[in-house]
Amino acid sequence: MPTVYITAPTAAADELAETLVEDRLAACVNRLSTTSTYRWDGEIQRDEEAVLLAKTTAEVYDDLVTRVREEHPYDVPCIERFDEDDVFEPFAEWRAESVANR
Amino acid sequence: MPTVYITAPTAAADELAETLVEDRLAACVNRLSTTSTYRWDGEIQRDEEAVLLAKTTAEVYDDLVTRVREEHPYDVPCIERFDEDDVFEPFAEWRAESVANR
Amino acid sequence: MPTVYITAPTAAADELAETLVEDRLAACVNRLSTTSTYRWDGEIQRDEEAVLLAKTTAEVYDDLVTRVREEHPYDVPCIERFDEDDVFEPFAEWRAESVANR
């Protein structure tokens, strides 16, 4: 099952997490605080951001990416998929049920 | 080698991390603070929790899952396995030794 | 594309992140605060550290590991590679460009 790694500005992160759960595109979203270092226009930048780890299913992954692109304030957001090699079975079932009833 | 992603209530997280290291089911556990958004009984909930990233080996993975289920306060805990595609060799050896002497 | 998971002492983490971006070994590094529990010399230890998640490419991965080993204050640092199963295409392109002009 995919965990989707998304970074977002702190101010937009809670609403994005809520949208994904409300629209049943993720069963659960873990939000963590991060300091991001990157290069932009040739300069090293450092920003406070949030990392969102969205727990979803293969079936709705494409719809989740589409929704994140619609809602995200950046033109080029970080959206990455990491497939789990194993998931505790009852938790996997809860995840599948949480996104299934759309 | 597997990294195991576990979420737990803040109050239970440190003890769980310590148990896994003490019982040589993980060489090391990284604990991060998270805000979790999820649906429960039809309502969107938001809770402060901890993410535990347990560094272990394929050999003891099943025993680690069994122990987490025994110690975890939730009936349906989030327990997910992510296999690394590469590990710095001396760190991999330290991990293997740390869980081997059981 | 690889995300590289590195742990480092809090005091060394920002400089390490900046070095990786400055030397075009990573397009972006997310730094998160963590409490690490591990066994050292038979005793359970608990330390405040940082987790660095470096977004890079397969081409420069080996050079990134070499640089982390040179700069890292530990003899046996945690350096782990997790390959993404999918990346939002424009973000993947930005990553590739950010590390390519070396």
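Each chain carries a letter (A, B and C) given by its place in the written order, and its residues are counted from 1.
Basically, a contact is a pair of C-beta atoms (placed from the backbone, for glycine too) under 8 Å apart; a residue touches a chain by one contact, two chains touch by 3 or more.
The chain lineup, named per UniProt: A, B, C = Divalent-cation tolerance protein CutA.
Note that the coordinates shown come from a computational prediction; the quantities given were computed from them, not determined experimentally.
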item	value
Chain contact graph, described as a line, ring, star, complete graph or other shape	complete
Turning angle required so that chain A lies on chain C, C-alpha fit (0 to 180°, nearest 5)	120
Computed distance of Cα centres, chain B from chain A, in Å	20
Sites on chain A at which at least two other chains make contact	32-33, 82
Residue ranges of chain A touching chain C (in the complex, touch as defined)	2, 5, 7, 32-39, 44, 46, 49, 51, 61, 65, 69, 75-83
Interface residues, chain C side, partner chain A - complex	1, 3, 14, 17-18, 21-22, 24, 27-33, 53, 55, 82, 84-88, 90-91, 94, 98
